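The two complexes that follow have chain A in common; it is paired with chain B in the first and with chain C in the second.
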Partner chain A sequence: MNIFERMQKIDPRVIYIIFFLVLAIPVLFPAPLPLATTKETKMAYDFVEKMPEGSVLWIGADYGPSTVPEMGPVSKAVLRQAFKKNLKVVIFPMWQDGQALMQNFAEEIGKEMKKEYGKDWVNLGWRNEAVSVLRLTTDNILSATAGVDWAGKKLADMPIMQNLTALNKDQVAGIFEFMTGNPGAAQYLERVVEPKGVPMAVACTAVSAPGEMPFVRSGQYKGLVNGLRGAAEYENLVGKPGKANAGMGAQSYGHLAIMLFIILGNIGYLLKRSR
Partner chain B sequence: MRKEVPMFITILAALMIVFGKYFFLGDQVKVLNNMDKYFNISGTFALLIGLISLTMVHGMNIRRRKEGWYNSVVLLVVMYGYLLLGLIEGNKGTTFRWIYNNAFLNLDATMFSLLAFYIASAAYRAFRIRSWEATVLLIAAFWVMLGNIPFGEALGPWVVDGKDWIMRIPNTAAMRAIQIGAYVGAFAVAMRIILGIERAHMGGRS
Partner chain C sequence: MEWGPLLGGLLTLAILSYLWKENPVYRLAEHLFIAIATSFSLVVNWDTLVKPTVQTDILKNGRWDYALAAILGLLIYTRYFPKVAWISRYPLSFWVGYGAGYVLSFSPAPLIKQINDSFIKFAATDKAGALLVGSTINNILFFLMLISALMYFFFTVRRENPLVGYGASFGRWAIMIGLGAAFGNTVMARISLFLGRLQFLFGDWLHLVK
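Now for the complex of A and B:
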């Protein structure tokens, strides 16, 4: 095997080891990197920022543990912004894991910002066939959720639910949907945003962003937080850089490593072909 | 009858959804609300069917001592053990949440993070500039990757501006075309099912 063939056929184990080091070192020794804010992230931030104090922010928690590195930091940043603005936060998961994950984050941020469960925020909990339940909440939240929250506690007894009966534009200022796939923002668009006129911003994984971008251009999303970079930008806007900023180092070196490998492979390919 | 009854139910359910969604009277009598409730109930039964089916398949593996049967034992013990714990403690239970937060979350995240290594290896192998189309694809991919990291920004604002342009204009145009095409296709499949032309879901041939 000559040098050009070797450049094209690097042992996958070598790639794995280099990639592991490239990702692990920046995570273990994070160094802050400068980051400009993209238009779509700023739009999403402003969308929450413009909500009147005391109004309801509906949070769609539609992701699982596999995407927590991307979705976790932005979830925390949005919760922090909402609690800072004294918004009432209603968590509605269409993903079973979203229920536990967003509960963990809301408990953490809520405790830090002295917010009370049932008064300042609530987790409606996951239900089977949650897409149908979502549509039913536009008619009557108590009926759709069988009147109980994620832990079986009565919703009717909670102060936050006293003026909130249905998911519509008169009672909910906006939706912030955290999504990684299906069900996700598309279900909100079809069942809530278009028929009920409730505005929505979306945070999604970088791999989902190309598919969601058309809805920003059409004005159906009021903002889009794109992957880890978007999360890092959002953390900076909220004024509390966290894990997304720390992860940007790993992402940066990871991207550079992939690009270098691809360049190497192509140099080998082109040189071999020219001979 | 084995074909006609399911077909009749399919057509009836489809017509009820169309009536509930697109007709004023359908909206007034809340047809969709009732349909959603029936859907919830039938979906919950499907969960039970899943549980029974999984138990039967893995129970059989254990009885017949098939290769890897001990994995089936682990699966059944974990599944029923966690189910039982959930029934006793509820969602809010300390042990229930501890296991979820400290075992499941990490295991699931680990499984997914392995993808990063496969993607890196696959990208290295697959991205070869064998044609003009592949070259355009490679340049676009490089630009977006570079524009998404601070190093790209350091090279100049044109990197991020270019990345944003790729995402907002050509990407949006392509995604719209793909999505509209997919939805037209889904509509055609739905019509075939409603009209009884497509019968694969009933175990027959279309």
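Now for the complex of A and C:
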């Protein structure tokens, strides 16, 4: 039995250990590989960058804790860019967990950049049957949300809401949707982007990215941030590398290890078949 | 000592221990996870749905019309009482009608744009009118793969017809390449999630990295 035949019968647990080491060592001792920025991430970054100062950026917080490693870093990077540009940030979660997650990120970045809740940003809060509520916000935000934010505070008393009555292209410069499934960008496309003409960029998990790419090509998305890799690119564009960049070295070494396993496995299989 | 990261770290290791083999520690962590997730969901629903709707929307802001929806929703439980079970069809029919109307009103527009975008010009040029070879090849490939992938699912004409046969065969390859790209992205996503756990273990718990 040669080495390739032996590798055909290797215990999966050995592969798990090798893979754990391949990922853990670069996390402990970062050795990042070069990272080129993809066109779609740059488009998303430019989309926010071109918004006029003081205009409204609508943020869709549609993910849960299970995808925070991918969606957290890009959420922070976009918030940082928006606050740096003095955009007014309106958070609208269609996922219950998205409400608390984006609230925490906005509080953290807002505190760092001295932004005030109610004046510079607001969290409209999750509502039951959120997709219908999203549609209603295109008519009247106060009526759709029963006039209160996520914590029950009156929206009408907040300075940020004084010139913002509805989600439409006259009052909102653009949408940045953070999505991991349904409801997500598709609901925004159907209820806001197409009927109301509000432009939108999307950040999604790598699993969802292939399904979302056609919408970039057709111009329905103004940009697409793809998973952890896209998040790392976005962090670099914003000029504040964070957790996504820290993970990208390990991600690249992990991919190399998988490719090596696949090549070795196939060589072993072909050699076995040829005998 | 911070108890949160310590507990989170130990439970993460307990869950990962399943990769070695099924064991009581893994089972304990799994049961804890299900129990906590259920309780968390209940509390979140109470705090973000029931409480604000009743306390703020209905009692404080006087939206008593919301109560009508609650009554309609409660009617669904009549199905547990055979004599009046027929009443449960009313909320269901309302829900199905509402859903169908909503989807038919909003869904076609983005899809039509996708269909429009499938009709592309093969020759891609820059602003000065020079041919962009890479983009042109992409456009031709896009067209061929789109048509052949559709051919693969076209069952009206027999595959003996060479155009349909070769077209469907090419379409199969196109679909396999597409699925391969999707699978690659899935692997990347799963590694990202595991990296999130490693960053938690080495950073938030053990403080070995920033």
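By definition in this document, the second predicted complex is superposed on the first by the 267 of 275 C-alpha atoms of A that agree within 3 Å, B and C clash if a C-alpha of one lies under 4 Å from a C-alpha of the other, contacts with A are read in each partner's own complex, and residues count from 1 in each chain.
In this section, a contact is a pair of C-beta atoms (placed from the backbone, for glycine too) under 8 Å apart; a residue touches a chain by one contact, two chains touch by 3 or more.
Predicted model, so just to flag it, every value in this text is computed and none were measured.
Within the superposed three-chain model, A:Gly247 lies in touch with chain C and out of touch with chain B [touch as defined at top]. Contacts of A:Met158 after superposition: neither chain B nor chain C is touched. In the overlay built on the shared chain, the residue A:Ala24 is in contact with chain C alone; chain B does not reach it.
In the superposition on chain A, A:Leu271 makes contact with neither chain B nor chain C. When the two structures are aligned on the shared chain, A:Ala166 is found in touch with neither chain B nor chain C. Of the two partner chains placed by superposition, only chain B is touched by A:Phe261; chain C is not. Shared-chain residue A:Lys39: touches chain B; no touch with chain C. With both structures placed on the common chain, the touch criterion links A:Gln96 to chain C but leaves chain B unconnected. Once the two complexes are laid over each other on the shared chain, residue contacts for A:Ala209 go to chain B and to chain C alike. The contact surfaces that chain B and chain C form on chain A in the two complexes overlap at residues 16, 23, 66-69, 97, 99, 125, 128, 132, 135, 150, 152, 206, 209-211, 214, 217, 227, 229, 251, 254-255, 258.
The touching residues of chain B, counted against chain A in their complex, run 30, 32-33, 36-37, 39-40, 43-44, 47, 90-92, 97, 100-101, 104-106, 108-109, 111-113, 116-117, 119-121, 123-125, 127-130, 138, 142, 145-146, 148-151, 153-154, 160, 164, 167-168, 171-172, 175-176, 179. Chain C contributes residues 19-20, 44-45, 48-49, 52-53, 55-57, 61, 63, 102, 106-107, 109-110, 113-114, 116-117, 178, 181-182, 185-189, 191-199, 202, 208-209 to its touches with chain A in the complex.
Against chain B, the residues of chain A that register as touching in their complex are 10, 12, 15-16, 19-20, 23, 33-36, 38-39, 64-69, 97, 99-101, 104, 125, 127-129, 132-133, 135-136, 139, 150-152, 206, 209-211, 213-214, 217, 227, 229, 248, 251-252, 254-259, 261-262, 264-266, 269-270. Chain A contributes residues 13, 16, 23-24, 27-28, 30, 66-70, 96-97, 99, 125-126, 128, 132, 135, 146-148, 150, 152, 186, 189-191, 193-195, 205-207, 209-211, 214-215, 217-220, 226-229, 243, 246-247, 250-251, 254-255, 258 to its touches with chain C in the complex.
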